[in-house]
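Each of the next two complexes has chain A plus one other chain: chain B in the first, chain C in the second.
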Partner chain A sequence: MKPFVLTLKASPVQRLDLSQLLPHLLAGKSIAEIAAIDIATTREKVSVGDVFKVAAGDGDEIRFEGGSERFDGIGRGLQSGRITVNGDVGMEAGRQMSGGALNISGRAGPYAGSCMSGGRMEIGGDAGDFLTAPREGEMQGMTGGMLVVRGSTGERPGDRLRRGTIVIEGHTGNCPGSRMIAGTLVVLGRCGAHPGFLMKRGTIALARPPVLGATFVDSGQFASSFPGIFSRLLQNESRGAAKLFRGSLRRFSGDMAALGKGEIYVPA
Partner chain B sequence: MRPMIKNGIRIDESFAEAFPMRGTALLITAPNRRWARQAAVTMTGFATSVIGCGAEAGIDCDVDARETPDGRPGVRVLLFAMSSDELQKQVVNRVGQCVLTSPGSACFSDLVAEDHLKVGDSLRYFGDGWQISKKFDDRHFWRVPVMDGEFLCEGVTGLTKGAVGGGNLLIMGADHEKTLRAAEAAADAMNGVRDVVLPFPGGIVRSGSKVGSKYKVMFASTNDAYCPSLRGQVNTALEDDIGCVLEIVIDGLTEAAIADAMRAGIAAIVKLGPRAGARRIGAGNYGGKLGPFHFHLKDLLP
Partner chain C sequence: MKVLVDGAEAPLDRAASAAAHLLEQARLPLIAGLGADVEGTRAAVALAERLHGAYDHMSSEFALRDLDVMRQAGQFFGTPNEVRVRADCVLMIGGKLTTAWPDMLERLDLGKPARFDDLQKPRKIFWIGPGRGEAAAAGATEIAAASAEVPGLLAALRAKVAGHKIRPDATIERKLAGVAEDLKAARFGAIIWSAETVGRLTIEMIHGLLLDLNKTTRFTGLPIAAAGNAQGVVQTSGWMTGFPMRTGFGRGYPEHDTWRFEANRLVESGEADVALWISSYKTEPPPWNRRVPFIAIATPNTRFPYPPKVQIDVGTPGIDHNSVEFEQNLRTFTAIEARQASDALQVADVLRLIDSNLDQTLMKGTEAC
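The block that comes next holds the complex of A and B.
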């Protein structure tokens, strides 16, 4: 199966809305039909053919050769198939995706993986603020799936996380896992202030924790199969995360200013 | 019945008659092999026959720590019952009373199937609100706080409606010592077959039963045709050179697994020979009208 290949001709002159370019929407379309898809976000008209050289495929995969921080909404609503970007992307990459795989080799803007409910997303470089977070008025962030960031993220990754697993191999800004409802967030690099701020439930694991807030209470060390299981489940996703869960861990419970049934694991 | 002879052992031209059952497999892990075995032995205790125990259960095999979900030594157990509802009740009761309570234990599904039984989905309520749900891909785990740390239990386990119960071998020998030796050899060989358990003590049952009784309250009673002490008094199935009969009953997740186990058992008895072990191998049936699965001994010879 040959993927659709969209090769960037030149740096785009405006922000682009690439959310129409999903495998199930392109299936059966000719090159001319794909080239005519409107991706403009201003009054200046821009279509796929203006920005990309299109090579038709027959599979359920789309490959972008070349990226830009102006590529917004890439993989938004992805249901199945695969999207690969060799380059950077803008905001809301993989927002509300429910299945399939989205791989970005470069950096991603804010709200990457926002409200994703399934599938697997990987960002090779850094990600902006509000990774997986809900947009205005939405009550939940990510509700399922797997998201791995090889680089670092901005502030509040995993905001209102409900279910699913996020692994950040680099550093993160302030308040990772803020308002978490459940789910799992792993940070291997340095972590900003107030991890788990107002979290209700869920698990945060920090390899290099900052001083935790006073509303997280020390639960000490205890025997559990849970870290061993997640170590094995994460082995293929992130060796660093697997290693963190293999080691001996200490649990802090909180945020006692909210429901208080969440937990932060730190190396003992 | 015309006997076949293998290595001097008479093999009846007979068949084992078996019945459809509902079955499931669980993987129990613990900090070390001793406590994994302990939890498995306890939860499969008093599970020899559905007639009096509600379930038939046993240990299938040990599982190496490298192959368990949490990287600790494990034991695979199989449970069988006549209905899905009864199996559901037995699984929750046995895991709840025997595995949840065992130090350091965790419990996982070990059967992939379309139908499911609740395990952690029921036992989580022991956590009194402190239980934690963890999902990863399509697997769902419950973490229940207990006094030695946490009991981790998978939410559901697979349920197969294609399980088979009641595969059997009748092992007949000159005296008790030789017959038991042959039965032990057969049970050891059959325990090496995956997806089957031998629910009776050590895999062996000495009190085989027939359907019905002279007493109204009894559904089953002693199999007088195979009792050596009743030769001459009843229509016996035993020749003069037989002084003891032992039976091995097999429950399996599939029909093929039972056939494999019976084949392994017969091979072990035949290999032992009639001087040290059994003189005759038979199988129990009800004329072939009650159970849909027939395992003919002639098809299972080494």
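The block that comes next holds the complex of A and C.
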């Protein structure tokens, strides 16, 4: 099976909406039909053919050769198949994806993985603010799937996380795991102030925690078989995360300002 | 009152046509600042739609903090008058509230018992993290806190109100001694804050605290609106497009995105190639660093960081001409009569003149309002 390959011709002068370039939407389309897809976000018209050289494939895979901070909505609503980007992407990569795999070799903008509900997403570089977070007026963020960021992220990754697992191998800005409802967030690097602010339930694991707020109550050494099982699950995703869960952990419960049924694990 | 084109005095008609010409050449024209009354805002949103451009307000960062909490978590609202006549307990949060709302103390009259308080007892007033001297002027018990400490203190206070345990912390115990009990003992309380000094999550924590307090008593929230009629622009924009500011018409229909249409980001990234800066309440220059060509519809004597292509001085709403705007003292729209009526130009008139000079073949969307 050959992937569709979209090679960037020149860096775009306006932000592009690439959310229509999904494997199940391209299936059966000719090169001319794909080249005609409108991806403009301003009154100046731009179509796929203006920005990319298109090589047709027959599989359920799309490969972008070259990226840009202005590539918005890559893999938005991805249901199945695979999208690979050799380069950077803009905002809302993998937003609302429910299945399949999205791999970005470079950096991602804000709201990467926003409200994703399934599938697997990996970002090789850094990600912006509000990783997996809900957008204006939405009540919950990520509700399923697996997201791995090899680099660092901005503020509030995992905001209103509902289900699924996020692993950030680098650092994060302030308030990771803010307003979490459930799900798991793992941060291996340094972490900004107020982790888990307003979280109700869910699990945050911090390899290098800051001083936790007083609304996180020390519940002592954590003795359970769960970290060992979870460590094996994470082995193929992130060795650092797997190692964190193999070691001994101390548990804090919170955010006592909210429901207080969440937990933050730190190395004991 | 100056009208300048490329720095030289020019008749208004020529300035409007130069501005129109600049805007219609742009890929993504941006209307920023937007310090205008309702009439000016209506003209600005209509112009943005016509141009397929985007618009943002200079205080949107603050206005959207309150709005984002409302649309993602919900809010409790009261009016200043309700607080004045009913509140027997008031909790103020963050510094510079009296700068953000200069009439606050006079309007709320906290020194006297609330008129509808049957017991006619002095009000209990607390202020977490006030500016220097602010708490004393309000007759409030000061709970000193640097702005970075406010979120943690509020979280601890909410946990105490809910009866949840917190990690032992001597400083917090000392600062919050008795406060949770007093809040719960209130028969009608109010919490006052300004989004200019507290962040989004802290505002959500305030509303969580209000929610918990309302399980056993009555408590309301009183946010202080951001400057430059920001709240008025939120509502005007709402009835015209369905969205607040930070909305764009690039594809012919309104799209709201608080990240994508943030004015400064649009300019600094080079995505907006022409800007129209509106500031009719104060001499506020545009804050960006990139020298994007711009048109200024602004208060006289504004000092611009670099010269605008077209500059049209305008009067101040409510002073030079009658206006309708959001008034913090009432927390609603109000009609304001000109205090010193003059023949100074109005934002709405200038924008409509620019609109009438646009190339008529420009794509025209369905008028929003």
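By definition in this document, the second predicted complex is superposed on the first by the 267 of 268 C-alpha atoms of A that agree within 3 Å, B and C clash if a C-alpha of one lies under 4 Å from a C-alpha of the other, contacts with A are read in each partner's own complex, and residues count from 1 in each chain.
The rule is simple: a residue touches a chain if its C-beta (ideal position, glycine included) is under 8 Å from a C-beta of that chain, and two chains touch if they have at least 3 such contacts.
Just so it is clear, the model here is predicted, and its values are computed rather than measured.
S.K.: Kindly say whether there is room for both chain B and chain C on chain A in the superposition, answering fit or clash.
M.R.: fit
S.K.: Between chain B and chain C, pick out the one touching the greater number of residues of chain A.
M.R.: The partner that reaches more residues of chain A in the superposed model: C.
S.K.: Which partner chains sit in contact with A:S178 here, chain B, chain C, both or neither? Use first/second/both/neither.
M.R.: Only chain C is touched by A:S178; chain B is not.
S.K.: Based on the superposed arrangement, let me know which partner A:I229 touches: chain B (first), chain C (second), both, or neither?
M.R.: first
S.K.: For A:T203, is the partner it touches chain B (first), chain C (second), both, or none of the two (neither)?
M.R.: A:T203: touches chain B, not chain C.
S.K.: Report for A:S114: first if it touches chain B alone, second if chain C alone, otherwise both or neither.
M.R.: It touches nothing on chain B or chain C.
S.K.: Could you tell me if A:K261 is touching chain B, chain C, both of them or neither one (first, second, both, neither)?
M.R.: First partner only, chain B.
S.K.: I'd like to know which partner A:D218 touches here: chain B for first, chain C for second, both or neither.
M.R.: Once the two structures are laid over each other on A, A:D218 reaches chain C alone.
S.K.: Give one of first, second, both or neither to describe whether A:A40 is in contact with chain B, with chain C, with both, or with none.
M.R.: Touch partner of A:A40: chain C, not chain B.
S.K.: Look across chain B and chain C in the superposition and give the shortest C-alpha distance you find, in Å.
M.R.: 15
S.K.: After overlaying the two complexes on chain A, where does the chain B footprint on chain A coincide with the chain C footprint?
M.R.: none
S.K.: Please give the residue numbers of chain A that touch chain B in the complex, ascending.
M.R.: Touch residues, chain A against chain B: 144, 146, 163-165, 182, 184, 201, 203, 222-226, 228-233, 261, 263.
S.K.: So in the complex, which bits of chain C are touching chain A?
M.R.: These residues of chain C touch chain A: 27-28, 51-52, 68, 71-72, 148, 151-152, 154-156, 158-159, 162, 164-167, 169, 172, 201, 204-205, 208, 248, 250-252, 256-260, 271, 363.
S.K.: Hey, which residues of chain B end up touching chain A in the complex?
M.R.: Interface residues on the chain B side: 29, 31, 69-72, 104, 106, 130, 132-137, 141, 143, 148-150, 152.
S.K.: Would you tell me which residues of chain A are touching chain C in their complex?
M.R.: Against chain C, the touching part of chain A is residues 13-15, 40-44, 70, 72, 91, 110-111, 134, 136-139, 160, 175, 178-179, 193-194, 197-198, 212-218, 255-258, 260.
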